[in-house]
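Would you mind keeping the following structure in view while I ask a few things?
Which chain is which? They are A, B and C, in the order written, and residues in each are numbered from 1.
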Amino acid sequence: MFDVIILFITDLLAFFGIYLMLNTALNIERGYAGIPNFGLLFSYAGGAYITGHLTAKIAILLTGAKVEADPITQPVSALMVLNPILASNPLISITLLIIILLIGASFGALLGLIQLGPAIRLREDYLAITLLALGEVMNYIAIAYKPFINGSLGVQVPDVFSWIGSRYRFYLATGIILLIAFILYIYAEFLGRTPLGRAMKAIRENEIAAVSLGKSLTRYRAIAMIIGSAFTGVAGSLWTLYSGAITPTLQRFDWTFLPWLMIFLGGIGNNLGVALGTFIFVLINRLIIFNKHLLAGVLPFDIVWFDYISLGLIMGLILIYRPQGILPEKPYIPKNIRRKIVVSRSQE
Amino acid sequence: MIETLISGITYSSLLSLMALGITLLYRTTKVPNFAHASFVVFGIYTSYTLALLGYNPYLGTLLGFIVSGIIALILFYALLEPLRRRKSSIFILMMATLTYDILMFGIINIYADYLQTTFKIPARNVYLAPQDFTLIGLKGVTIVSTSLLIVLLMLLYILLNRTIIGAALRAVMENPSLAQANGINVSLMLALSWFLAGGLAGVAGALLPMYMMTDPSTGMLLIAPMFCASILGGLEQIYGAPLGGFILGLATTVLVSWLSGVIGYWIMTYSLMVPYITLIVTLIFIPRGVVSIILKR
Amino acid sequence: MKSIEKEIHLKTIGITKRFGGLVAVNHVNINVMRKSITLLIGPNGCGKTTLVNTITGIYEPDEGEVYFEGKNITGLPPDRIYREGLVRTFQIPSPFTKLSVLDNLLVAARDHPGEKFRTHLFRRSWIKTEEELINKAFEYLKILGLDKYWDREASELDAGGLKLLEIGRALMSDARMIILDEPIAGVNPRLAHNIFSHIVELRNKLGITFMIIEHRLDIALRYSDYVYAMNRGEIISSGTPDEIIRDEKVRSVYLGEV
């Protein structure tokens, strides 16, 4: 019983961490800069698949191991060599993890720019169409181009967490996911308080006024998209490393629609709201999934479709009745200025 | 080669019907409808259901028009109209159409699962081409899709330009608040445009299984080509949609098949990329569509 | 010194803007002198705002050219024109609604190191600039009577407050020339006079050139040096305020109506 609860909590926190990264990314893109990124899947899948493609190759370089098998098409025999080395060598494992995350971030950022580029000067609706349309492409590429992640079969990746012992492997992975999610969250909150974040929000609020006050639309949209997509790429990388394998089946529903639902639930533009929305959603969602076996076989259809309908309905209700979310965005007021004002008022 | 051309024309006609609805909705409601693919998929399953029941699947064009038209009306009245009343932003409206797409995707999958488990029918690989008829060497779907496109375009033209309702609809497209001030029931006109657009998508969907293998996620494959055709023609020009549909449709089929002869067969695998590349090139060089160039001259 | 004051700051040559069949601005030639307060008047819908939009890059002109400080700025995007030193306000207030009133002004600041991707992470590199800008913003907020609302969301201001916010943002931009589109519409007369006296003061102290669109001539005329009068997209007359008041054409199309 105790083990089951621990397992549930680890799984819950890992999902929370991954989604928190995606949702803060989305919050920077839409909540700050007003970019309606309906194609989050593109850079997320990009990060996940590039990790699938490169982790073993880089592990071979780092460890200098003699691997005859091609790590993409014959992952099992390649991993038989690599995993034991990584398990006994924390330093190499951690180096590998850091390199992969950096690659995930850069690849994600690049993809984000590619995705936004054609519409970067255009209106919000054109942005949305372009981002959404390109969102699906990564899966087609991964399926069509076999050497990437072995087509629809997918690949297994070396385990960078196993050096702590197989018993604690998932705890470590979850801990690292949470740590990185926390760092990204803090950064997003900081960004919102910088003049850079303010300029992004100005563009979101009123494009024409912001441009007339010297803010370049292209520049700030590109910056927001680079930061956001880098976050998304990292999330994708961690997802692959956490799962230990990846197939080109990442869905728009899970990795674009749900993040939107969570940030709407919590409050777009407000990081704390976004974190809250993410936690509430993931908690309920995991509880349902954990108890799903109770319903299996009762219904004449796969229960997963029920998610689509119920969550679609919930989103519709949010849009109509509380689009600002649980914790709506508030203007940022630096405390030291408020104090100064109060002092100068009392002196007058 | 001729065969590819004919297949290309069929595909282009179907694409045009879908893009036509997207452009129409963009003109009336000012929102890109991300649920459009769902309307198409409802058309697919309408004609499939008719075929299962032993009817001629071509009856599906008529019934599909009605079914998908109603599905579109529900979206309009349940989500878009309440949001419009609340003066929601275009962004919220876009989000609403995306949400509806997710919802409908769930429903259509449940229907497919239901057919599969209850009647033990393969409901996830819908392909009706073997039942198609041929006439003077042409496949039925080619004849029906091209002639339906022409007839529907003519009907749409007559509706918009020769009737009072059409005049009201055009007034709503030009300036909704002015139309409202002139006593036009804007809400009703918008609803009409949703019914028409949904219907056109339904017709295209009903014909689709006669042309290619389809399933509930066919919609995901169609999103990019549909929007690409619509933008390529010009989102501001209703009759740009068929033009965009034909340019893109022929590029995807004829051009790629010609290229595969020249470069190598592997290029076929990437024919899926054509709409994305076309979309990118269009947005960079002619974001207002081909029609905008023609009109300038 | 005298020669600089006679210098032309903004010049348009044959500016034309059409909307379909409508010629909203028709071959307009104006010269705005440096350090002047130049008024642009004309009945509703005569093309004043469209002229400003065409000058500041919101629209591309169909014909004609715009020179600012001797440089051809025709067709440049608005953010480039801002960088040249020409800033405008909007007739219909366009606040950044969810930002605080203070932040609305700070957005307009020029060359803020905290807005750069490369330096934004290092708070120490920009916090000094930020504090200076905050002090400056408060000075303008006081002039405009908005200082007590500094921490409110801009959306909480009333219509008059929003107009003042527009002016505050323009002042904050350190522009050498500012175009104000109906700055005192909906502002009470006392505050309106106050604002115009501050405009005169800013012109005298900082040497900012102002071009002002205004319908309330009873207030605006006495503060201005030169007036252009428009009707149906064309400049019908120009001169000193006294000359304009006496001008027959202006009286018939504009003053006659009031």
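Everything that follows uses one rule, which is that a contact is a pair of C-beta atoms (placed from the backbone, for glycine too) under 8 Å apart; a residue touches a chain by one contact, two chains touch by 3 or more.
Model, not experiment: these values are computed from the prediction.
Q: Return the chains shared as contacts by chain A and chain C, ordered by label.
A: none
Q: In terms of Cα-based centroids, which chain occupies the most central position?
A: Closest to the centre of all protein C-alpha atoms: chain A.
Q: I'd like the Å distance between the centres of chain A and chain C, where a centre is the mean of that chain's Cα atoms.
A: Centre separation, chain A to chain C: 44 Å.
Q: Report the inter-chain centroid distance for chain B and chain C in whole angstrom, where each centroid is the mean of the CA atoms.
A: Whole-Å distance between the two chain centres: 47.
Q: Between chain A and chain B, what distance separates the C-alpha centroids? Give it in angstrom.
A: Measuring from centre to centre gives 32 Å for this pair.
Q: List the residues on chain A that touch chain C in their complex, please.
A: Chain A reaches chain C through residues 191, 194-196, 198-199, 201-202, 205-206, 208-217, 223, 269, 329-333, 337-338, 341.
Q: So in the complex, which bits of chain C are touching chain A?
A: 56, 58, 77-79, 82-83, 87-88, 90, 94-100, 102-103, 106-110, 112, 114-117, 120, 123, 126, 130, 134, 150-153, 169, 173
Q: Mind listing the chain B positions that touch chain A in their complex?
A: Within the complex, chain B contacts chain A at residues 26, 30-32, 34, 78-79, 82-83, 86, 88, 90-92, 94-96, 98-100, 102-103, 105-107, 109-110, 113-114, 117-118, 220-221, 223-224, 227-228, 231, 269-270, 272-273, 275-276, 279-280, 283-284, 287.
Q: If we count contacts the way the header does, which residues on chain A are in touch with chain B in the complex?
A: 36, 38, 117-119, 122, 124-126, 128-130, 132-134, 136-137, 140, 144, 252-253, 257, 260, 264, 300-302, 305-309, 311-313, 315-316, 319-320, 323
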